[in-house]
Amino acid sequence: MQDFCVALKDYSDSKSAVFVNGNFCKDPKLVKAEDFFFEGLNIAGNTDNKVGSNVTTVNVDTLPGLNTLGISLARIDFAPYGENPPHTHPRGTEILVVVEGTLFVGFVTSNPENRLFTKTLNKGDVFVFPVGLIHFQLNVGKTNAISISGLSSQNAGLITIANAVFGSNPPINPNVLTKAFQLDKNVVEELQKEFGGDNY
Amino acid sequence: MQDFCVALKDYSDSKSAVFVNGNFCKDPKLVKAEDFFFEGLNIAGNTDNKVGSNVTTVNVDTLPGLNTLGISLARIDFAPYGENPPHTHPRGTEILVVVEGTLFVGFVTSNPENRLFTKTLNKGDVFVFPVGLIHFQLNVGKTNAISISGLSSQNAGLITIANAVFGSNPPINPNVLTKAFQLDKNVVEELQKEFGGDNY
Amino acid sequence: MQDFCVALKDYSDSKSAVFVNGNFCKDPKLVKAEDFFFEGLNIAGNTDNKVGSNVTTVNVDTLPGLNTLGISLARIDFAPYGENPPHTHPRGTEILVVVEGTLFVGFVTSNPENRLFTKTLNKGDVFVFPVGLIHFQLNVGKTNAISISGLSSQNAGLITIANAVFGSNPPINPNVLTKAFQLDKNVVEELQKEFGGDNY
Amino acid sequence: MQDFCVALKDYSDSKSAVFVNGNFCKDPKLVKAEDFFFEGLNIAGNTDNKVGSNVTTVNVDTLPGLNTLGISLARIDFAPYGENPPHTHPRGTEILVVVEGTLFVGFVTSNPENRLFTKTLNKGDVFVFPVGLIHFQLNVGKTNAISISGLSSQNAGLITIANAVFGSNPPINPNVLTKAFQLDKNVVEELQKEFGGDNY
Amino acid sequence: MQDFCVALKDYSDSKSAVFVNGNFCKDPKLVKAEDFFFEGLNIAGNTDNKVGSNVTTVNVDTLPGLNTLGISLARIDFAPYGENPPHTHPRGTEILVVVEGTLFVGFVTSNPENRLFTKTLNKGDVFVFPVGLIHFQLNVGKTNAISISGLSSQNAGLITIANAVFGSNPPINPNVLTKAFQLDKNVVEELQKEFGGDNY
Amino acid sequence: MQDFCVALKDYSDSKSAVFVNGNFCKDPKLVKAEDFFFEGLNIAGNTDNKVGSNVTTVNVDTLPGLNTLGISLARIDFAPYGENPPHTHPRGTEILVVVEGTLFVGFVTSNPENRLFTKTLNKGDVFVFPVGLIHFQLNVGKTNAISISGLSSQNAGLITIANAVFGSNPPINPNVLTKAFQLDKNVVEELQKEFGGDNY
């Protein structure tokens, strides 16, 4: 343990890449202020997609100085009525503040309760999404919305439910999904085409 | 920190129940061997339900001596072609061994990869499902199947995707799900009736 | 371990207040969405003070749903040329994004190196301050500046160096500070008056 | 931190093997389902030895996908009246379920109490052995017995008391053991021959 | 999480004692410097016993301010040829410095290796005993010896092998020990009388 | 996770040094007792300096077997009226015992309280300094004093306040310090010369 362990991405052995819990530490003597720096979180993400939202993540992959330090940031842009669809972070709690616009947000607790907690958030409002729980944010205003989140991991991970379930590569056996979601096999296969894209 | 901290469930203040990270410790002098004991994991769970499977969990709620010790067990019973549908454990990795029958199992990695890893498991085969990732088990045999799992938490939590998304209480705003799953609003509302039961 | 453990602040025994790692958990059945909610981070803090800055903290003390979840947020307002003076967070790394204005920021590594890493940050720039290291932010622009930070603890703590050293209650023995800072005893005692205020 | 860090065992530098907290991570792109798989836990271990038991461990050494995930499994086979002699796991709590037969099990708390907790377990019964405490399992039936255990570490370690104390390599100075166990030096030296085997 | 959580030992409910991970936190406003203080580590422990050594422990039980802070101290006194017999700390690594005299020390690694590492230590020499491993210290000089140890837990626990195995309360079934140690039942029962004292 | 992971310092790639959380593990087969050993803590440090004290640290940098084990030791020597000036350990709590002499010690809590806790310690007295808080020790006797401390990290770090603030390399912009400490710019620049030495 040291003051920091800046991730060294470009380390390469002549024969094969080697990863150590994802990252090596850069030689402390070669570390610079730039290793703790990221720019561009003021730039709106492109929300021209099916769900009308875009997540810009500042984690150890884009800011190597975060390695071992247990925190990251994200900016989310929402088009009018855009949403950040139901998803989980397998390795982090999220605390979100609305910078612009109005968001309807919620999370669901674990089984057997499956309780839904929701709240409408305006500019300056803050909400917490506990680690591993399914949650979403929906822009309920006619204008763009922006939020900033802190996440309790240098790489909290992101599992977008619909994409993971219907858009995995290769696709999940449709029988698994037909029974799980009580859907017609036709509907499942259409969804897999929809989400799977090239994988299908 | 002590050798153990047996959960004390029946503590009650005259005015209101009080919870401390879920549990108090029982006075060590009153702790008995029974506090570390659970019986009945040899009994098959009832698989007469939509998905044809049943999970029996031995965690801190049923075995108070597990409190603070970071581990639990589960037995899963599968009817022929039954499945344990896609789900996550927000606070635990799972390692499963097949005790009887043949299971087709898999998990999906986090975005943007959404890679699916699958394997067909026979009696004595072991498989790992990393913490927080969506995974499933399907009985692909004509007979019952049984598995035993270890989980890396005294209460790993369980989020069954379809139930959390379509069966929460109260239901998630259908607009959120319509856009997220690219489904007709009709289909979403039918699913919510299907999964929500009394909540709807 | 459960999905969450909302801090219960108003628990009181008839005889004496009792604290458990700072907090009890609220009965999960009584938890509401409001327990995960905080409002007002859009409101500028009052920077009319000696250093020209103001920190608004959203941690477990103001947002009880953060309890046990390992993260918090802060908004910092800076008057023109205002600064958030050298300080440490004993229990958290900080990741800061500039929302408005231009900040000159830096941190110092531990002994014997005492290396200073600095950077000038504009709107949208992000910087990391590793846990426990002394750091500062200075508004180098003619206009107000605003930043938002994530911290890797539900209560990261704050130690403002000058206040802790010269303004503690009761004051530190001046001989300790005279030798430590190689200052005249007069200067030390003036500083103690300056920072100690009522304590002195 | 990533979804997983599959242990890379065969990494070798031309000059010398290098270990990083025991393991490197395999390049995530090369990871396969087989990395999370182990087969053969249905096969009975050979109990034809002095104590009449055999432990088959599924940990990071035999299942590389377990690396960093904090859990492992073990199968224990017992001949009639066989025992898994007093031992500790320095880095893990154990939760055991009896799959076949009848076991008498127990653990001892730390000093000065040295309290013994015991229980007779039948098929389907579960028992917990808290991390680091000395415990044992004895087959009290006339037939073979089998158990499956989860352990709260990817490599919990195993210290069999008699082997560590009397069979270390090289042997512990007999004077240390004579005084510690209040045994004749003759008895100690016989035990060291018995347990030390080739080492002696 | 706060700066500290001083253990509150004398909390008592009118009906029954309640323990929370062993301890409550004292109201921070009532905390005093004395809560972080212990006196008497200069006083030699009484080594007039079978093994000729005495351990004085400064942990959360004797110094309540250590609660949650993950460290403790111990002083060990050795009569000439006295020993601190083979033991483990289930929840802590030990780093020991010899203050007076000459000690022969060692630890044994986990199975199947059971390697013994030993060293003779003189005044000012330091040695490390990794968490959970069996270790011992023997005074090999003609004069008293003294050591000071740091342990990586506020309550590392102590399991003296001979006492836990042969002196537990109630005693372990002699059949378990006869097979485990390959000793005559007579010898086992004598040892149990020797170590069990009143318990037997 | 293994019994230990001895730090391997001399690993070097032909092109560039590579660090992994600071250290690689030495091949367990090559580990020797000497890897867990350090000598010389009986030797007084040289206190002939401005503050009249000297810290000798036994951490993972000087005792490689401590790697991953979460503990270290330090000896502090004090000339008459010497002091260990206000400092913090960013990654460790300290528990100190006075071996010789009389020390006046204290720590300051975090903002906004900034409460000072102090105590005069004689031979055999023990005191705790919680992680990350500013603390100091002053020899208030006419003779030398000696203390031994345990720290809850294999590398707790050391930030001497005056050196980090006024002696960093390069120096902190004097405007930052002028405002923070409410000092004349002249005084700040003199202090920077005093503490910065060659860096200035």
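We just call them A, B, C, D, E and F in the order they show up, numbering each chain from 1.
Everything that follows uses one rule, which is that a contact is a pair of C-beta atoms (placed from the backbone, for glycine too) under 8 Å apart; a residue touches a chain by one contact, two chains touch by 3 or more.
From a predicted model like this one, the values you see are computed outputs, not experimental measurements.
Under the contact definition stated at the top, the chains bordering both chain A and chain D are B, F. Farthest chain from chain C, judged by C-alpha centroids: D.
Chain centres here are means of the Cα atoms, and by that rule the chain farthest away from chain B is F. Interface comparison, D-E versus A-F: the higher count of C-beta contacts falls to D-E. A rotation of 120° superposes the C-alpha trace of chain B on that of chain C, rounded to the nearest 5.
Comparing contact pairs by residue number, the interface of B-E is reproduced by A-D among A-D, A-B or C-F, since over half of the pairs coincide.
If each chain is reduced to the centroid of its CA atoms, chain C and chain E end up 39 Å from each other.
Taking each chain's centre as the average of its CA atoms, chain B and chain F sit 47 Å apart.
Annotation for chain A: residues 3, 20-21, 90-91, 106, 110, 130-131, 133, 157 touch two or more other chains. By the contact rule set out at the top, the touching chain pairs are A-B, A-C, A-D, A-F, B-C, B-D, B-E, C-E, C-F, D-E, D-F, E-F.
Those residues of chain C whose C-beta lies close enough to touch chain B in the complex are 1-3, 5, 8, 11, 20-21, 24-28, 68. Listed in rising order, the residues of chain C touching chain A in the complex are 3-4, 31-34, 36-43, 58, 63, 65-66, 69-73, 92-95, 97, 99, 106, 109-110, 117-119, 121-131, 133, 148-152.
Residues of chain F that touch chain C in their complex: 50-52, 83, 85-86, 88-91, 104, 106, 108, 110-111, 113-116, 130-134, 136, 138, 157-173, 175-177, 179-183, 187, 191, 194-195.
Contacts from chain F toward chain A in the complex involve residues 16-22, 90-91, 153-155, 157.
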